Every structure is written in C-alpha cells, then in structure tokens.
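Pasting the structures in now, so scroll down.
Common to both upcoming complexes is chain A, partnered first by chain B, then by chain C.
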Partner chain A sequence: MSKDRLPEVLEKWEAVIGLEIHTELTTLNTKMFCGCPVAFGGEPNTRVCPVCLGLPGALPVPNARAIESTILAGLALECDISSWSQFHRKNYFYPDMPKDYQISQYDRPFCVGGHVDVEMDGAESVRIGITRIHLEEDTGKMVHVGGSEGRIAGATHSLVDFNRAGTALMELVSEPDIRTPEQARRFASQLRLVFLTLGVSDCNMEEGSMRVDANVSVRPHGQAEFGAKAEVKNMNSFKALHDALSYEIVRQADELEAGGTVAQETRHWDAGKKRTSSLRSKEFAHDYRYFPEPDMVPFTFDDDFIEGLRASLPELPDARRARYARAYALPGNDASVLSSDLGLGAYFEEAVEAAGGPEMGKAVANWVLGDFSAHLNAEALLPADSSVTPRKLARLVQLVGDGTISGKQAKAVFAEMVATGEKPRQIIERLGMQQVSDSGAIEAVVDRVLAANPEEVEGYRAGKTGLIGFFVGAVMREMGGQGNPAMVNEVLKARLGG
Partner chain B sequence: MSISEEQVRHVALLARLGLSDEQIASVGVELNDILVQIDRIQSLDLAGVEPTTHAAEVVNVTRPDVVRPCLLREEALRNAPEQQDGAFLIPKFGG
Partner chain C sequence: MTADLSLLTAREIRDGIEARDFTATEMVEASLSRVSTVEGDVHAFNQITPGLAFAAAARIDAMADAGEPLPPLAGVPTAFKDNMNLRGTNTTCSSRILQDYESVYDCTAVRRMLAAGVLPVGKCNMDEFAFGSSTENSAFGPTHNPWDLDRVPGGSSGGSAAAVSAGMAVLSLGSDTGGSIRQPGALTGTVAMKPTYGRVSRFGIVAFASSLDQIGPFSKTVDECGLALNAICGKDMLDATSVDLPDEDFTSGMREGVQGLRIGVVRDLLELEGCDPRVRDAVRATVEGLEHMGALVGEVDLPSCQYGMPAYYIIGPAEASSNLARFDGIRYGHRVPDAEDVMDLYLRSRAEGFGPESIRRIMLGTYALSAGYYDAYYGQAQKVRTLIIRDFERAFADYDVLVTPTTPTTAFKLGEKAADPVSMYLSDVFTIPVNLAGIPAVSVPCASIDGLPVGIQLMGAHFNESTLLRVGYAIESMSDFDPVPPLVKTGV
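Right after this comes the complex of A and B.
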C-alpha cells in the first residue's frame, strides 16, 4: 500500500484516535523521588541512588517542582486541578523497573478535564478533550545483546542502565476525539509547544523525552459504538505519528472490509518499513493491582496555591500568535510560524524592538521568515547562534526603510553579513553600494534615457504603460543599480506623464 | 467473601511466587482469615467516615529540586550477580 489510500478510506470509515503522551520533565534538576540529577545519556549507572535503584529501605520523596510543573501544564490546558490527589503503586514486572512497581497515579491524578483547540489551516479548529494529566516515574533503559539490530528476539542477555529510572514523567491522556492523522499530528505538536513555552521539558522526541502512543480504531460513519482498537507505539517524530496512524487506519479498514476483525493488541511502528506489526506479547490481561503508595502522604491544593501558579503562567502560544497578528499587523500565517518557534519568535521580537518598534514588524518578519530562515536552514543553526544578530538585521531593515540601499541590494548585503559577520554599514561602504536618492542626479539620468529612446516614449504616451519597466531598467543600468527604485519610478512617471 | 484456590494461584503468579500445592493450600487459609476480618469491617456502618489511606493527617510532603550525591557506580553494581560495561547484566527474558 504505497499510494496514499487514506482519503478514500476515510470516506467510508471514521477513525477514532486517542493519544497518550509521556513527557519527561527534563528541565528539573533532579529525578521525581530522589536527588539524582536529570540528564540524557552518559555512562551507564552513574546517576543512581538507593531510591531510584529500588533498594530496600529507601524512602522516595516527591520533587515539589515536578508537581508544580504538572499543575502548570494542567492550568495551561484548561484542566481542573484536583483538590485532593495521591500517588499509587502500579505493580508489574519488567527488568527496566527496579522496584517491580512504578509509582504513578490512578484514580486521583493532579489534573483532570481540559482541552486543546487544534488549528486546521483554513478550516474550523477542532477541540480535542484532555482526560487527565498525571505524574509518574520513568523506567531505566535496556540494551539487548546477541540478537539482530539490538532486538529482544534472539538476544542472549540484556544490559540495564538505570540513569533514566525515576526521572519525572508527565502523562497526558486525550479523549478519543481525534479523527484524522493530521489532527493527531497538530494536537501533539501544539502540546509540545505549550510544554516548551512552560519550560517543563525539552520535548525531544528523538531522545525520547516526549513519547506519543496512539489508540486507534475505525467504525462506519454514523455508528455510535467504537470498533476494537489497537495501541500503536514507537513513533519518534510527528511525521512518524502521522504515517503510523495513516497506515493503521487503512490496515484496519482493509481487515474489516475483507470480513476479518481487528485484534485488540499493541502494535509497533517500523519507520523504515513504514508499517505497524503486532508485538505478539504474551496474553497477560493487565492486572496492575494499583494501591495507594504507602511511602507518600496525599496532596491537597488550595485556591491560593493554584491561583499563584496560574498567575505565573507565561504567555501561551495562542496568545502569542494573537499578539503577533495584532501588535505587528502580521498576516495569520506569519504570526503562526513566528509564534510556533520560540527561538525564532524571540529573535523576531528583539529585532523589531531594535528596528524602532511595532511599525517595523512586517518588514522585519519578511526578513526573519525569508532570507534569515533560509540561512538558518542552510547552516542548521538556531536563531540565537547566527552571526546575524537581531540588532544587525534590524539595522539592515532600517537602511532599506530610509532608502540608503534598495531591497535588492539589501539581499546582497545580507549574504555578505552571513559570510563575514560584518555589520551592514561596513559592507555597504566596502562594496560602494550606497543607493542614490538625490533627486537631481536621478532626474538627470532619466532625462538622458528618455531623450535616447524617443520611440518608446511615444509608445508609452500612446498607452503602452508596460514600457515603464524598460525605462526603469535603462535608468538603473545607467546608475549602476544604485538608483533608489521608488524615486526612479516617481521621476519617470512624472516626466512621461507630461 | 472468600478466595478460591484458583485465585490464590493467580495472585501468586502475579507476584511471581513459586508456591507448592501445599503452600497454596495454607496461604489460601491465611488469606481467608484476613478476608474474614475485612468482612467484619465492611459490615460496619461507615457512612460519613472519610476514606483513609494514611493514619497520619499529614499532606504535601515534598523535597526541593536540589541535587544530592549519587552512588559510585561500583557501589551501585556491588549486589549485581553479573555486570558488563557498567550495566546490570540480566539473563535472556521475554522475546
């Protein structure tokens, strides 16, 4: 099924998708229940202690900032914060989990309800409900040795590294409100932007600090009951999420159309083969025997605490987008792109400020989204790492604005700025690029050009106004490309009109 | 309320306890004794009594987000039956 059959399948079938999104709180200094530092990678088992190794007698104590971060996320997503909540033990055996239970939350999560309005280009936005957000601890990591490609199948033994074990993990569960892979992709990416804005995680999907699992089923349009669902795992980019859901929806519809059934199972997305496959895990009905964590007391949050956190919320992406559109008079798409990249947005705001204020917004946005973004992409740079600082770009925009150089010259200056790191002024002087805005000088050239081309002048006056381009080109050639184009146009029209 | 032998075996499996038939029988008796006590509690009129998960009326015990020393790796691995490349080596499982 190489061709994209999804649109055709979605005409007959309705997909029902819910996401479970695990986000490591990577910006904390320490793990969820102990003082071991939080970091990615490193030498195995160098960030462990009796608590995160699950040694007998160790006492886990919750990280206050992890709980605040989770409540902050809940407030940003319009959740209700539980006035009374607690941790539970989720009991199961797996070698990457040293205690043989995971400290998690069960019927009293910190945040319940909430929603995200997912923006769909042009179309109406789609509201996706959030069931809950709770806090738990991450597991360790295993390397399987002796099998092919590090797989567990065929492995002779495995190596366990508990550096990640005990890292605070925030799990968000959505309602099954998602109907298309594109909605799922946008929902997850909007959540990521919220978490980045809150500063609770680096949300790096490749490193696994944000992990998205999906519950997927299909049903005929108009049917109220849900179909049997499969849980799809191992999607480590938004594109993978989109592709895996597209594949899975088509697969389930084909299965049902062929008279088969959809097995309730966990399926693994293989990004290389572009397919999901059954994990064939042993048929163990999940029986986690949750019970209240006896090592920890419950939590109560009063209104003062919650309102204090609410007051500390930063400007959220939706508000930022609206502000960009309003304060800088940016078109919707410019405002969306700039507000969906925190680094680029900060660069833009700094450059606008340096260029003289909000009225320079559109001119600066054009540069930031155009040549500057192209330069970042070409060199794989973050905005803050470019040698073209917001101040330098602002200066360039000003020099175009006040007529010192033309827009075309500015592009050449920008290329030089990237290449040499020089300031725009220095480059303009070095290359002798000054734009001629002296009206006397321009008029003299215009008069020469008109005198040399009497036929074209006659043609223009007879109605062939398209010839204006010919005159502009001729004048600019005479002036070595340094005439102020707006003034050249103006003078030409004045002379030709008479 | 009472627990069947089958349920005892299921709970033992979930807890990864390898019990002999004899032990299954005696654990069953013990568990049923405990369930008798729970039945007695459930027969009480507890309307109006808040559910309790802890005896102490303490809430919101947390620690500040401050790094504390970790174990040296040799210490962490000291009880491991086998180790390799600084990791706990475990036998083949699942798959």
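Right after this comes the complex of A and C.
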C-alpha cells in the first residue's frame, strides 16, 4: 500500500503542502449578507430570501458579527488586522452560485500574516505560516441525480439547494510550510481547536462546516523551486486529509521517478478506494475578473476596535495546555489531551474545583482520562451529558483520598455510578463497601492470618519478601475486601519484621 | 366628467381628496382615461396595473371617508420604471430575459411611495436594463415623445418621463446611472431629479451599475419633485450604501429665492462641440434671469469631466457585466428548453434573452475587467473618477450650484442615433460626471425650441438637493414654459 511507502518516499523527496481551510461561521444567527438563519440540512430551499437567492434587485448587507469573528480568528493566530478592508466580487458561472459571482475578498483581506506552532509529540514543534484569513459567502449545494454516487458524471439532471448559500465562510490560506501529512493533520486539528475555543464554528468536517483542501507538490531535497502542484479536495476528516496527502505524495514521486510529470490539476480524494483521481470535468481557465464590491463601502478598523476584540479573546489552547501542566502539575500528555477537548477540559476543571482545588488535579485527571473517558467512549456521550457529573466524580476522588474506600473499590463504585446515576456515598452504603481503617480491627485479622500460616511466616522472615502479596491477599479476603490496603501493608510489615 | 391629471398637482390631489372634492378612485379613472386616449401612440408602459391602483385608491378613500388625515401623496397616480420590484407585477427591465419574471418583494423606494399614499398605475418602458438614452433599446418597442411622436422621449427612463409628460401619471420614479432620469426629463419637459448617491435606497431596483445607480422622481413641478423626495429618501437597512441623515422637508426652503446664491456656469462643458447653440443660449438666458433675481453668477471649468464619458463606459459596463450575470436561465427568466448541458444553457439562454445593447455592454465590461486589462481600463477609470470628484469639490468651494444644459440637443428622432452608439452615448455627456461624482442634480425645463422642451441641469454638492430645488423653483417661476404637451391639450 502506498501509505506504507511514505517514509521511504520522504527520504528521497520533500513534500511541500499548503492548506486552504474553509470554515462556516455556524455559530452566527444569520447568513453573511441577509437575515436567513444558519443551520445544517433541512428541507431544501426553505432558509432562503431574495438576497441569498440572488433575485433581481436584492442587495447584500454585511453581517458585523461575521467580520468580528474573522478578526478574532486572526488575532488568535497572531495575524495582522488590515486597517481597511473590502469585499470583492469573484465572477464565475455555476448553478450553485445564484448571482454568478461570489462576494469574497481579494487584495484587502481582513487578516494577513500569522502562524501556528504545530506540536509534534516530543519532537520540536513546527511553525506553519498563515498567509491570510478572509471572509466570503458559501454556495448552495448541488445534488446530481441519475449518476453514480451523486457525482455529475452520468447524471440525468441536477437539483440545487440554496439553504447553505450565503452562509458566512471564513477562508484561511496557509503558507506552503507543511512537509508531512502528519504536520498537515495536526495543523488542521490545532486550527479547529482554536476556532472551537473562539466559538466561531462547530467545525464539523462531516457536515462540511470545516473543509480542508490541500495543495501538494514534491521536489528533491535541497531543490529551492517548487514542483508542479495538485489541489486535492474532498477530504472530510483529519484521517482522510492524512491518507490523501500520503497517497498523493507517493503518487507524485512515483510519477516523477518513472520519468513522467505531475499535472497541475484538481484531484478528488475517494476515501473508499483510498486514492485521488483527476476531476475530469471540463476545466476552463478561470479569469475571475475580481473588482471591488460596489454594493458595500470599505471597512475601516481603528485600534480601539481591534484592541477591544483582542481583550475579548478567550484562553487559547496553547495557553490552556500550559496552565494545566503548571497549575495541576500534570504530565505533558495529560495536559495536551485535556486541553485539546473543550468539553473534557471544562469537565476536568469543574471536577478539580469541586474536589478541593489544584492539588487534586492529578488524581482527578487520572479518573477523567481513565474510567470517565472510557465510559464516554463506550456510550458515545459528551462530557456534559454524562450522569456522572463533575461534582459526583470529585466526591469519588475525595473518598479514595481520605481512605474511605480503596482505589479498587472506587472502580466498582464508578461502574455503579454509571449504571444507576447514584451518588458515590449512596453506593458505598448500599453495597457496604466502607473501607476498614480501624487499626485494631486490622491488627486482629493480621494476627489471625499470620497464626494460620506459620510456614509462610518462616519463609518471609528467611528472605522470601515476595510473600507479602500472599499475606495482603489473605487479609483482604478475610476482611471482605474492605481493609485499607495501605494500613494492611503497614501492619503486616510491622508484625512480620518483628 | 373625468379629471385631467395634466392640470392637477400632487398637492391639489391630496387636498382635494381630503376635502372630498373628488375621490382617489376618480384619480385612477382619470389616469386610465388618459391611457386609453394616448398610450397607443406613446407606449410609456409595459404593464398597466388598474387592480393595484383601484385597491390603493379604495384604502385612501376609506381613510378620507373616516375623516382620517391623509398621507402626503394620497391618491396621486404614480408610475414606476420597470426595473423596480413591486409585488403583483412583472419586473421585466424591458428585456426578453425577464419577460415573465414576477416580483416577489417590493423595492424600498416603491414601498415608501406606496406608504405615502400613491396609486400605482403601471410599470414603465425603458431601455433594456437601462442601457440607452432613447428607450429604443426596449425588447417591447420604443416609447414616443408626447411632444412629437416621431421623436424619442430620451432614456433610459423614457417611459417614466412620458407617462408624466402625457398626464397618464402625476408622478413617476426612474433610475439614473449616467443621466437616465435627467436626460428624458429634459426631452419631455419634466422636472427630473437624480438625488445624491446613498440618499435613496437601491434595494429592489434591478442593478445596472451599483456604484452609479440612483432612484429619483419625475414630476411636472419642482414642488412635486420635493414631495416625492420627501417620500423616498432615507436610510434603508437593506442597502448598505444608503446614508443615515436626519429627515428633511425638501419643499420647505424652496421659495426662499436665489438672492446671494452663487451659481457657476460650467464653461468648458457648455462650449463642447455638438451642443446645439440654441440650447446653449436658452441656458445662458435662464442664468441671466437668475442673476436678475439676485444670484451671483460666475463661470467655472471642470477639466476632468471631458474624460467622464470614457470612464463611465468602463465602470458602468464593468459593473453591469457582473450584475447581469445572474440572468442565466437557471432559476428564473428566459431559458432555452433544449440545452445540451449547463454551458449550452447559459450561452443560448443569454444570447436569446439579451438585446444587442445589453450584449455590447456585457462584452465591454467583461473585457475591461479581464486579467491583464484591469489596470489599464477599470483601474484607470477609477482614477478619472477621483479626478472628477476633485473638480467638483473645487468648484463647490466657490459655488452653491453649477449649471449646464441637461442635454446637448432637444429630442431627436426615433432611429436617428440608433445605428451609432457613440453619438447616442454623447447625449449623456453633461449628465455622466454627476453620477461619477455621486452628487445630486436636477433637470428643470427652462425653454422650448421648435416646440420641443429644453432642460437646464442644476448640480449641487453632496446632499444639497434642497438648494437645487430652490434654484429650480426660481427658474420655474420666471419661465413661461408650459409642461403640458399639445398632444394632450388637444385631447387627441
């Protein structure tokens, strides 16, 4: 399989990858230039009006919140915000584009420059430059009927749904700084996390609210010029992005090694067949005839406006990861996982708070990343939807911490909490699981066990210290599993050592 | 006996209905009666809308019956250019491509006129998509000038001008991109205003050139022009280029006279070759009259305006080529029934749907915006536009109002310029710089030559419409021009 050959290919060839990421601003109430609501799917052509249908005479009115969201994204990614900016018309004919031009941006995007430092597990992070972030309107959706898999080839007719038409679409263009599919995957995934943190989009790749296209080329290591690039589309998951890039890099390298050339073209990723193929639709050399959108006046942004937005930025993923590592003394990986899932991070912080503060962080993190995450995965739940609330989990962690129950008992209690939704204290009482921490009671049992096993006592004292496990097991059995393990250990060692 | 709309003003109609001298319904009847006698010759309308007019009239009459105060334009028969959306009508832009297009919403300016009480009597003929200066570029046949049926009424709002001139409507709305209100106003002897860009919402008017288009009124008198402006001006949340200014009564300062007003005759434009000397003389005589009334008259040059025409014929078509892209046969409008594929559908639907002038302008604009030509054409034209704006700024530092003829000649004959686009384009030479600068201007009838009206163009600084009306009113009061053409005087 081509994917397996990637490391070998990358030894000979350097891949050059740039991403174009379109993100629908799904958290806005209304579309980019009209008052129609923003939502996914729905009965076709029900969320439309004269403006987003491009009816004669209708005019676009810009959505101020969409512009603010885009500038927020730019600020979060260290971009420069243009002091003045404007929309342009991008002219081309296509049935999903009701006006036959798209209101987009050309030489005055809202945000320019910027970068993301992509974390690479242990290895040094890689800085990926951001060329620009601009705002435009989304198109409608075409449904081709009569062909295979809804594609246009062989279709007898096509339907258009304009529900999506006019939705605000934020386009981020990266520099061609990406060198491997894994960097691309992580870059896109870090951007997604930033957009989710900012609350500007649900970034749902399957529903298309976040769409990643890639420009890919290969060149021999050390060569300064870029090779001919292909634009790869239709990757609707991070895995698809990774797989498609891996396939495409190997394909281009093979082509060149066989003495061929790479065609400058658009290629379609087929996740089923695991390959890219040339989009053989009639390609026209597009001249988009960009010109300033005359239905709107240019926008100017003063420092107060931009600084006001900067001040409203929430804590960003990098800062959150650093804070988790610092404040809760979490190992790097725990901090990364908790900070890269907004819901889990919020759950964690709430549970730590309820458990008594930062010193409980490590213990809570173990539960959140262990049994709690397993429970979420098993039942396909979001953290906020679990019956195990942060407060209940915190209580469980406290009961282990103060020795009321053992860690082993706690796992059983957690399973009961998931099953019944009860509070840990109720379960412990119901099942009589209280841990025995009464030293007198433990000493009595220990003495009985030692008296009943004189040979093992001899052996231990002769140096077979591994027998400690045997004694602990026997004591715990005798106590119905409720003895405080630490105290049992301590008493056993004291008695045996004497 | 039916009332004669040629002899009634908007104010008289409203007051007459309020006083129960006559009814709004009778105003519709008066309009329809005039339509029945002259429309066959004039062809001002693409569609007559008696149903809408009678329904509006019934509402006004009910208010009058109940003794309620009537809105300012109550009962005034009004016509709308056929590029303005109005529910219950087709909005065709006089094009085959929109022949059967039914409006599903109302143009803001139309809605505001209706709210002011007007009776919508019909949709007016125009040059297709407002491309033209004679209304001959209509897919539904030309409009004839009520002053001489062998002559054009001007254009592109020729139907709106002719409807008022012939007394089929008392007011009408047109749109002006390079002179399309003022030029037909001059050729039909009507008062015709292009307001400041941004004064009137463009929402609902089918766009020609978005940075130049502006809606404005036709009327027989300056006072009615002000009343119509009162109705249509104002910020509209649906048009991002509309301007938010305090409400203003444009008629209130109208009668203050011109004493002390500084009036600049634009010498270099007036001396342009191709301007009929008799038109020039009529304008000079009018300015002398203003001087007698106390205006301070001087002369000024606007040197960049000579480049206005070529700049306009880049910017206008460039924007139009994009604005008209949506007429593609996909969702509405003309579509060939037997397309092979989507490209064939686009190409043939558009080739069949658009008339020759539309195709010419779309091609001009497409070319001007193309890669490699943008800077030489569109970019250069925008620079000219900036220079013209500066010319006007300089002139308005010294003058309150600038004056030119509205058109180089009186109404020309049908067919006379149809074969020569450039000579047709030249009939807008005085009006085009105004649109490029975004300033307001009004054409007021000031004389007649061989029985044909002559218009004087008054231009003002941004948002200074009221001063234009003040000068216009002075001209109207001293002029002996009678706005009623012989055609309707003799009753045919």
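Brief remarks follow.
Note that in this section the second predicted complex is superposed on the first by the 493 of 498 C-alpha atoms of A that agree within 3 Å, B and C clash if a C-alpha of one lies under 4 Å from a C-alpha of the other, contacts with A are read in each partner's own complex, and residues count from 1 in each chain.
Note that a residue touches a chain if its C-beta (ideal position, glycine included) is under 8 Å from a C-beta of that chain, and two chains touch if they have at least 3 such contacts.
Everything numeric in this text was worked out from a predicted model, so none of it was measured.
Of the two partner chains, chain B and chain C are each touched by A:Met296.
When the shared chain is aligned, chain C comes close enough to touch A:Ala58, but chain B does not. Touch criterion met: A:Pro50 reaches chain B and chain C at once. Look at A:Asp287: by the touch rule set out above, it reaches both chain B and chain C. When the shared chain is aligned, no partner comes close enough to touch A:Gly432: not chain B, not chain C. After overlaying the two complexes on the shared chain, residue contacts for A:Asn91 are found with chain B and with chain C alike.
By the document's definition of touching, neither partner reaches A:Gly469: not chain B, not chain C.
In the superposed model, more residues of chain A are touched by B than by the other of chain B and chain C. By the touch criterion defined above, A:Ala153 lies against chain B but remains apart from chain C after alignment on the C-alpha atoms of chain A. Looking at chain A, you'll find residues 50, 53, 61-62, 91, 93, 95, 160, 282, 287, 289, 294, 296-297 touch chain B in one structure and chain C in the other.
On the chain A side of its complex with chain B, the touching residues are 28-30, 34-37, 43-50, 53, 61-67, 86, 91, 93, 95, 143-144, 147, 151-162, 282, 287, 289, 292, 294, 296-300. Only residues 14, 16, 53-54, 56, 58-71, 73, 76-77, 84-95 of chain B touch chain A when the two sit together in their complex.
Residues 50, 53-62, 89, 91, 93, 95, 98-101, 160, 282, 287, 289-291, 294-297 of chain A are the ones that touch chain C when the two sit in their complex. Residues 83-85, 91, 93, 98, 101, 104-105, 107, 202-207, 209-211, 237-241, 318-319, 321-322, 325-328, 330-332, 342-343, 346, 366, 369-371, 374, 378 of chain C are the ones that touch chain A when the two sit in their complex.
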